[in-house]
Structure formats: C-alpha cells, structure tokens
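Shared between the two complexes below is chain A, which pairs with chain B and chain C, respectively.
After this line comes the complex of A and B, so read on.
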C-alpha cells in the first residue's frame, strides 16, 4: 500500500465557524484511497451542517481519478449542509488535474492556508 | 427493339446511370467529399459485378472449383441447399464490394472517420448495382415487354440499389469501427465495457484486445451483410415485394441512424506529422481520462462532456477523449435532454441554477448547430465554447424562471421551472 497521511486539524479558534484544515500528504491511489478517505467522511458525519473545510494539499504528490471523485462528492455534501470548501497549496500537477476536471471553478484554490481560511470566512 | 449491340449497351449505360447519379447526388451533394475520390471508388465498384461474372465463367470452365455446383450436388435437403446458395452469392458480392473500399483505404488512408467508411462502402455498392443494372437491361431489353422492363428498371433502380447500399453500408460501419479499434477498445475499457467475445478471441489467437476487437467487428459486419443480403434475395426470389420494400426501408432507417451517431463524425485518423502536441502532462491526463471512464459509467454525461471540452483544449487530437465526448452526446441524444440531465447530475428541477441553464442551453444550441451544419461539415465536430461545470449537487436556487430552449427552428419548447 502506498503511503498517504491524512490529518484533520481544528482551526475554529478565533472564528465563529466550524473550520477544519485537512492536511493530505503522500500519494492517494487505488491501494489506499477507499480506506483513508473514510476519515474525512467520518468528519462529515459528525459535522453535517455548516462545515468549513480547507484541504491542505502541499504534500500531496499524486491523486488518482477515484480520489477526485471523492473530492467532488465531499464538496457536494459540505455545500449541501451549508458549508464551504477551499483548497490550499496544491502542487502544479494536482492543480492542473483539478483545473481540467473543472473543480477549481467550484472550489477556490489558494496559495496558502491562511488565504484559504480568509476566503472561507468571507 | 434495338439490334445494334453498341446502341443497346449505350442505352443500358445511360438508363442505369440515371439512378446511380441520383443516388450519388442524394448522398454527396451536400458533402465536401472529393468528387474524384467518389468517382474512383464508384469506378472500382463497377468492376466488381463483371469480376463476379468472370468467376462464374471460370467455374463453368473448371467445374471442380465451382462452389455453387458443389453445394447443389452435395446438399440433399432442398431448403438447406437454397439457403446455402443465397449465402454463397451474398457473401461473394459483399466481400468483393468491401474489397474495393478496404484496398483503396490501405493504399490511400481513404477512411478518416467511421462515417467515411459507411459512405465509401455505399459508393462501391452503387458502382456494383450500376454495373448489375447495365447487365440486366442489356440482357432483357429485347426479351421483355416494355411494361416489364419499366417495372424491373424502377424496382432495381430504387430497391435493389438501396439494398446493396444497406448491406455494404452496415459492413462499412463495422469495418470503420474495426479500423479505429485501438482507440475504441481503450475507451471501452475505461468505460468498463468489456466483451467476453473479444476477450475470448484475444486469448484463443494470442492477439491484443484491440486486434481481436477489430477482427470481431469485421466478422460481425460481414455476417450481418451476408445474412441481410441472402434474406433480401430470398424475398425477391419468392416475389414477396411488400416485405422486400419494408425490409429495405427499415435497413435504410438503420443506416441513417448509424450515420447520425456523433462518434461516426469524429476524425480518428490524422496525419502523424500534423498531430498537435498535448499541453498536459501524460500522468495528469491519464488520471483525468480515468475519471472520464468512471463518470461515464456513472452516467454523468454532462460532466463527461465538460471535462472532454477542457481536455481537448489541452490535447486536441486525443481520440479517446473525442470518443468519450461523442458517446456522452449520443447518450444524451438517446433520451430527452432535460430528463437525462435531471436524472444524472441534478436530482430535481429545483436544483437548476443559472449556470446549469447555461450548460443545457449551450448543449441544445450545439445540437442545433450540428443539425444545421451537418450537410457542410460532416467530417468535423463543431467546437463548442467551454461550458460552465455543473456542481454535483447545485444549491443556488432560481426564482420562477422561464427558459426558452429552441431545439430546432420548427420545434421550440418552453421550459418552466417553478419553485
């Protein structure tokens, strides 16, 4: 199994929003995506309404087609619950894929986590 | 009526030429296909009927090679014997007509789209039918009543010619699919469409899946052409004119359907030296194409079309992406556009937001453009301006809006969305 690290950080302090930063590092591929993505789905289950998510993709080297499908689905669920999603620090290869798929038209992609937090707060 | 052989031959040529010219005009008057190429394929098609007469002449000279004679003498059951004879002559005609198209294609890269394969097969078939009509008119001119001649001429000019075009056109369609089997097989694999027959052929003959698929398609096309041809001849033999006419009309409708498929218009063969370079890294492109396959399987055809649009801006000559886009459009054409969109991407009419309306309107405008421009640009898919992506679940509500979408000039419909 390829290595992937997903950590969820609570960044609500100082804001009046339920804001989480999800740091994803390594490679999201067929061998790990189904298992690892459940951590994010658990978060959605426990926070169904008004969840604000920043995906920190600085250390994400590769994501496969399935993980893009999951990202789209997560975006759908979060926005359905009145929340928002942003992406921060995506590498050029990841940003390129997200752009072609059209996700960057739906989800803001920003250069820093702070900028992403600010975008969600507005 | 005419004793002079040359005069009779001349009259036969002129009379047989009139329907052939009309058919060619109907098929190609609004197309940009080169008239020289059409004439060349038509000319070769004309040679196929005398060639078959030559084969039959040789059979008489060398009866040990006479396949018809072999069937007649070895098959005891009369019905089986007739069926085999019809199949034999149907097969001979279909193979020789197809040989014209495939041999010209191998030397000149004649066929660049599946639609090309169908059209040139139609031309070769018309050439065959023309030569056959000349021979019939020449043979029966002085032996038949004028009313019989007119009846035969009219029937052969319309239905027999049409029959030949249908058999060859169907074979041409499958030959075209087989020709582009590498891209089509890849697209099928990504879309999760696996054929046990193709897998079996590949395994048995130890060949690649695309090669196996090509062989399977050619064999399928040949089989359909032979069976329909044999059935047509059988109905004619029994003088069952109304069923023959219904048979031809249904075949013509089916052929029109095949010609209308979006994938058929795609230019899948391009000069390697003129292939435009992709501006997206191969690894990234592979991921996106895989996603196309996943979403195609999930019937998210609108999303597939959007991704294809963006991907083709970066890699304009990617045939797999072109096929995905064309198939997604075909899938949407198969059903009501709104129903398809509402059923796959958006759950309710209430989910439609302004961006969604834009997508739908643009799609229908594009369909309209295609319909209008089909006569002039059948070899090209009209580029669409990039569309706005539909979110998986849209949340922006719309206030009681009235969106007018014109499907065609004649058929305009108003779509009311009530909150």
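After this line comes the complex of A and C, so read on.
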C-alpha cells in the first residue's frame, strides 16, 4: 500500500464556525484511498451540519481520479449540510489535475491555509 | 535489455506487471523519471503522463485482468515527435468490456453536459482523454483490450508558451524490457 497521511485539525478557535483543516500528505491512489478516505467520512458523520473544511494539500504528491471523485462527493455532502469546502496549498501537479477534471470550478483553491479560511468565512 | 532503434531515435520500453494495485506506484515513479530524463516534454507533462499511466493501469487491473494474471505497459518515445503509451489487459477480469463497448461508454461520458455523479468514471475521459492527442481502443487477438494514447510534442508545447526547454536533451536510451 502506498503511504498517505491524513490528519484532521480543529481550527474553530477564534471563529464562530465548526472549522477543520484536513492535512493530506503522501500519495492517494487505488491502493489506499478507499480505506484512508473513511477518516474524513467519519468526520462528516459526526458533523453533518455547518461543517467548514480546508483541505491542506501542501504535502500531497499524487492523487488519482477516484480520490477526486471522493473529494467531489465530500464537497456535495458538506454543502448539503450548509457548510463550505476550500483547498489550500496544492502543488502544481495536483492543481493541474484538479483543474482538468473541473473540480476547481466547484471548490476554491487558495495559496495558503489562511486565505482558504478567509474564503470560507465570506 | 535490448539495444535497437537507436538510429531511428526511437525508444521502446515494455513492462509486464502482476494484476495488483500495489505495483502501480512503481510504474508511476518510473514514468515520471523516464519522461523527465529521457524525453523533451516539459516537466508538467511528466506528471500528466504519470496520471495517464496510473488511470490506464488501474482500469486494466479493475476490469480487464483477473488477479494472478498480468498487464503490459509499453512506452514508445520518438525523439522530437511523440510519446505513445499502451496498456494491455488479458480480458480475464470480472468487469471486462470489448473495444466497442468501452468506446461507446467513452463517447457517452464525453458528451457535453454529462454529469459525473459517482466516485469513479472520470479517469479515462477527464484525464487520459484531455491530456492526449490520440486515444485508441483495440481488442487484442489473444483476448483483452489494448488502450493506446499518443501525445505529440508540438501540441504539448502549444499550451506551454514561454516555458523554454533546457538545451542538451539526452539521447534516447535503448529498448528496455522489464518484468516485475
């Protein structure tokens, strides 16, 4: 299994929102995505309403189309619950693949986590 | 390792690997390094070819070749012209389609307004299709599918204006055959 690390940080302090930053590092591919993505779905189950998510992709080296499918699904679930999603610090190759599948039309991609938080606050 | 085609400035590499997603990260690494070090495509194309090969291999493993079988990946690089990548499966997989069925599926998903609603289904159309100039789906005489994509360097550069390629590109290496 290819290595991938997903950590979820509570960034709600100082805001009036239920804000989480999800740090993803390594490579999300066919060998690991079905298992690892469940950590994020568990978060959605326990926070079904008004969840604000920033995906920090600074250390993400690779993602495949299924990973993008999951991101799209998570975006749908979060927005249905009245929340918002943003992406931060995607590397050029990750930004490139997000753009070609059209995900950047749905989810804002920002250069920093602070910028992503600001975008979610608006 | 076989040496041939150096006069024609053509490099051919064939890799056979077991039907197991575990091995795909190695093929991705190989693709990235091979395109960067051997071809004169811009660096971003090394990452794009990495995604193309990953998507094609995953489809072959998921649908085309049964566990215990294998898939075959072939790279053909023609210097200053194009890179062609082929992935072949054995047609023993549970979800196998023939070439006409897959072509029909591809056309449906390429249609304007088609909505991708599931987790899967974006790879062949949105990644492989968008980042290649030619996409060919063939039935193999011995069973299974052969999917080939070609990217021409001149077309890759059309969208890369201002990104100059360093001079002194390395000469294509000889044909290599690997079995994993």
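Convention: the second predicted complex is superposed on the first by the 122 of 122 C-alpha atoms of A that agree within 3 Å, B and C clash if a C-alpha of one lies under 4 Å from a C-alpha of the other, contacts with A are read in each partner's own complex, and residues count from 1 in each chain.
Just so we're on the same page, a residue touches a chain if its C-beta (ideal position, glycine included) is under 8 Å from a C-beta of that chain, and two chains touch if they have at least 3 such contacts.
Quick caveat: nothing in here was measured; it's all calculated off a predicted structure.
Once the two complexes are overlaid on the shared chain, A:96 sits against chain B and chain C alike.
Within the superposed three-chain model, A:66 lies in touch with chain B and with chain C [touch as defined at top]. Looking at the shared chain after the overlay, A:106 reaches chain B, while chain C stays out of its contact range. In the superposition on chain A, no contact is made by A:48 with either chain B or chain C.
In the superposition on chain A, A:75 contacts chain B only, with no contact to chain C. The intersection of chain A residues touching chain B with those touching chain C, taken from the two complexes, comprises 62, 64-66, 68-69, 72-73, 93, 96-97, 100-102.
Listing the residues of chain A that touch chain B in their complex gives 62-66, 68-69, 72-73, 75-77, 79-80, 93, 96-97, 99-103, 105-106. On the chain B side of its complex with chain A, the touching residues are 280-281, 283-284, 287-288, 290-291, 293-295, 303, 306-307, 310-311, 314, 388-389, 391-393, 395.
The residues of chain A lying in touch with chain C in their complex are 1-2, 27, 29-31, 62, 64-66, 68-70, 72-73, 92-93, 96-97, 100-102. If you check the complex, the residues on chain C that touch chain A are 21-22, 24-25, 28, 44, 47-48, 50-51, 54-55, 58, 61-62, 116, 118-123, 126-127, 130-131.
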